[in-house]
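Supplied in structure tokens, the structure appears directly below.
So that you can tell them apart, the chains are marked A, B and C in the order they are listed, and the count of residues begins at 1 in each.
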Amino acid sequence: MRHPFILTVLALLLAAILSIAIGSVFIPPADVWRVLTGQPPQMVGQAAVIILTLRLPRTALILLTGAALGASGAAYQGVFRNPLADPYLIGAASGAGLGAVLAMSVNWPYTTVGLLAVPAAAFVGALAAVFLVYLLARVGKTVPTTNLILAGVALSAFATALTSFLMLRSTGELRRAIAWLLGGSVFSGWGPVLVILPFLLLGLGGLLLSGHSLNVLQFGDDQARQMGLPVARARTLILLAASLATAAAVAFSGIIGFIGLIIPHLMRLWLGADYRRLLPLAMIGGAAALLLADVLARVVMAPQELPVGIVTALAGAPFFVWVLRRAKNQGYW
Amino acid sequence: MLRIENLSVSYGTHRVLHDVSLDVQSGEVVALIGPNGAGKSSLVRAVSGVIPVEEGRVHTNGTDLLALPSMQRARHLAVVPQAVSMPPAFTVWETVLLGRTPYLNFLGQVSPADEEIARRALVRVDALDLAERRVGELSGGEQQRVLLARALAQSTPILLLDEPTSNLDLHYQVSFMETVRTLAHTDPLTGTGNLAVLVALHDLNLAARYADRVALMVAGEIKAAGTPRQVLTSELISAAYHLPVQVVPHPFADAPLVLPADK
Amino acid sequence: MYRKFFFAFAVFTLILTACTPGKIDLTPTEQPAPTPITLTDGLGRTVSLPTAAQHVVSLAPSNTEILFAIGAGTQVIGRDMFSDYPAEAASIQDIGGSMGEYNLEAILSLQPDLVLAGGINPPELVASLEGLGQTVYFLPNPTTLEEMYANLETVGTLTGHGSKAAALVESLQARVAAVDAVMMPLNYRPTVYYEIDATNPSSPYTYGPGTFGDLLIQRAGGFNVGSKLEGQWTTISLEQLVTDNPSIVLLGDAAWGETPEKFAARPGMDALDAVKNNHVFPFDDNLVSRPGPRLVDGLEALAKLLHPDLFK
């Protein structure tokens, strides 16, 4: 299929339009257009507020989150040369969850800083976990990928157990913790977008620049070194960028699975394994996919809103199986 | 040329290379032979900077190769590994282009000159028609040639090969080694001089026919180095491989022929 | 291939637009004489209303119960999905609330003049609604009956039913005093085991200190085995339960299918006095868990079960 970038960007635009136009309250498309172009809507009510302060910022947040997860997932799969890798492989999710639950057990004052406590703790927790895994896995000057995976599994198990323990002992924070973990956007407005934007730009920017290094890394550490790549440094920078993007993604949106795992595979099936193309495509594709999942989450059981994490899990897995069966390619990985 | 001086390497407490010294001149093929575990692969990996070295130096024309950062070193020597577990989704063209990595910026931007070098490398190994095929679809021999082309695209004066013929059938073994010998003896595509080639081989008779000099390694040491006739003697080989062998003149080539002896 | 892709996308879009519910329209009711109200809520926020709220959205079942109890039921235009009492609440617009996800768009489109949040709502939800231009009052969770009365009065002030709320508080206090009076003097205090959840029967949940369950059992003249434990919703081991040997067992999980017969059938439970004497009773947990006026109903129900001889 030609023009993959154009098609993927088109899909993203369509998904964004759906996300702005559709919600649990029906707003006629004409009014949506009027609000977006600054004219007053025909319909009496809160159409302008809903679109400008709810749907537009939420679309932006979900878009950025999906982009971060898609690109990090591709990067993790490349660094670890493992098709099962996803952005949470070395502890980001469990660290974020532990940080968030710890923060929820404190009564923060109702101030700007206090309200940011839980997402900030999640962000710091994610990065701290990855850093700890990195330290545990280091052998001299190298950081073997096997060690990273083992340390990641161990730390994740520990952090998750600790989180579960804290949740059981909590006095009513249980519901709030579960809701956050499942991936909900309780936060609304432009605040969350502005807060995570610098970290996301840093992380995504770093990832987009590492396509060539990832290509070289696919041949294994030895050959990569023999071809002239400074392997340890390249791997560290890539993991740092990916973890930064992932931490920013989970801070406000909780743990959303499957996007980071499946979107890179879909893009690889479609267009091959060159990471210089795969990374930007996974970014755009991840954004589009998460937007679609979020729209589904909002309408499928209206007026209830499902957490996005549930939709991605329920919809993502069967969809991926269907795609795999259609793909006649065997050597796509 | 490649000069290896008093190289010693250990994996933890286990010493795998002990005071190894070896020269490889431009224009010559030196074959590294020896039983499994003798240290052939370790020598290739140590020289190419993949495993840390305890003592000794490796240099070329005065430049200390082990002191260089990997990108600089990769402009002096290229390695052809065994064609096992190659990422199957890359095309041959993409794979060979990656050989230009030491000369590319971190974005991997490729110039027309780079592409021309890659193209000529593929022509050199007679694999240009495979360019658009995915590596995972190729045979073992074809994959090995692709890896040779990638190393050639790296445009280095020194070429190291780590048991490249282990998984190849007879036809590919012969054609591969002929290509390697041609590369050393005639002008390579960069035109800056003849290649110095060090190839680790497990097949003694391939070494006898295609190498200018042979170095025999046993238990991490070089036991003997010289022309094939000098090194491939029944005493040396029988002692090294713990198997009585008989060395006879090759019936139609100017080389010795090693045969396991009758009991 | 292109055509299939776009066809699928078009179908997808059509399905989605068909799934969205209809437009929500609301005409405002008559405006009473304006009397501005300014209060400080449970998060320390200053909340101001130009006049008593006429269109209230409740984010917690306890808040819904309070609103109806003080006579503001007709002013409730939206409620969370778990608000099931009184029966009139069922016909009010559902605005979500499962797993903490509230339907902000629906809330906005109802155009309320007050959103009443409760202890179960996180501060970021309050901030979100505030950011969307809503007036939110956070009603903190009470820990004593007195604090619950104060909440009733607060909601009364907010909705213009101050006198009704005050009257309700008086009648509740009278009922509680009546229970206290009958109880004095207390010649015996039965040991009570209250079961909140027994999904894992070997590690069931019960009320610990600091909960209304514990407080009301105490007030109703019983001894709660959970009062010795740590934590508010805490598990008790079966061995401890057998050692405590409660004479009364209350099944707060009756709403989820637990019955006295099932309880008695559990291994080891037949050793309990409560089982031997057939003193295992189902109990409506909402009467002790929802921090509203029905806590007093709960107290009375508990007193009848714990001291049947004193309460006919």
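Just so it is clear, a contact is a pair of C-beta atoms (placed from the backbone, for glycine too) under 8 Å apart; a residue touches a chain by one contact, two chains touch by 3 or more.
Model, not experiment: these values are computed from the prediction.
Nearest to the common centre of all protein CA atoms is the CA centroid of chain A. Two chain pairs, A-B and A-C, are weighed by contacting C-beta pairs, with A-C ahead.
Seen from the C-alpha centroid of subunit B, the farthest chain centroid is that of C. The mean-CA centres of subunit B and subunit C are about 77 angstrom from one another, to the nearest whole unit. Per-chain Cα centroids separate subunit A from subunit B by 44 Å. The distance from the centre of subunit A to the centre of subunit C, with each centre set as the mean of the Cα atoms, comes to 35 Å. Shared interface positions of subunit B, defined as residues touching 2 or more other chains, are absent.
Across the assembly, subunit C contributes no residue in contact with two or more other chains. In the complex of the two chains, the subunit A residues touching subunit B come out as 81, 209-213, 215-216, 218-223, 225-231, 268, 272-274, 276, 330-333.
Residues of subunit A that touch subunit C in their complex: 1, 11, 14, 18, 22-26, 43-46, 49-50, 53-55, 104, 108-110, 114-115, 118, 169, 171-172, 175-176, 178-180, 182, 184, 186-189, 191, 292, 295-296, 299-300, 302-307.
Residues of subunit C that touch subunit A in their complex: 1, 9, 12-13, 16-17, 19-25, 43-45, 81, 93-106, 108-109, 111, 119-120, 122-128, 131-133, 141, 210, 231-233. Note for the complex: subunit B touches subunit A at residues 45, 48-50, 69-75, 78-79, 81, 85-91, 94, 98-99, 101-102, 104, 106-108, 134-137, 150, 154.
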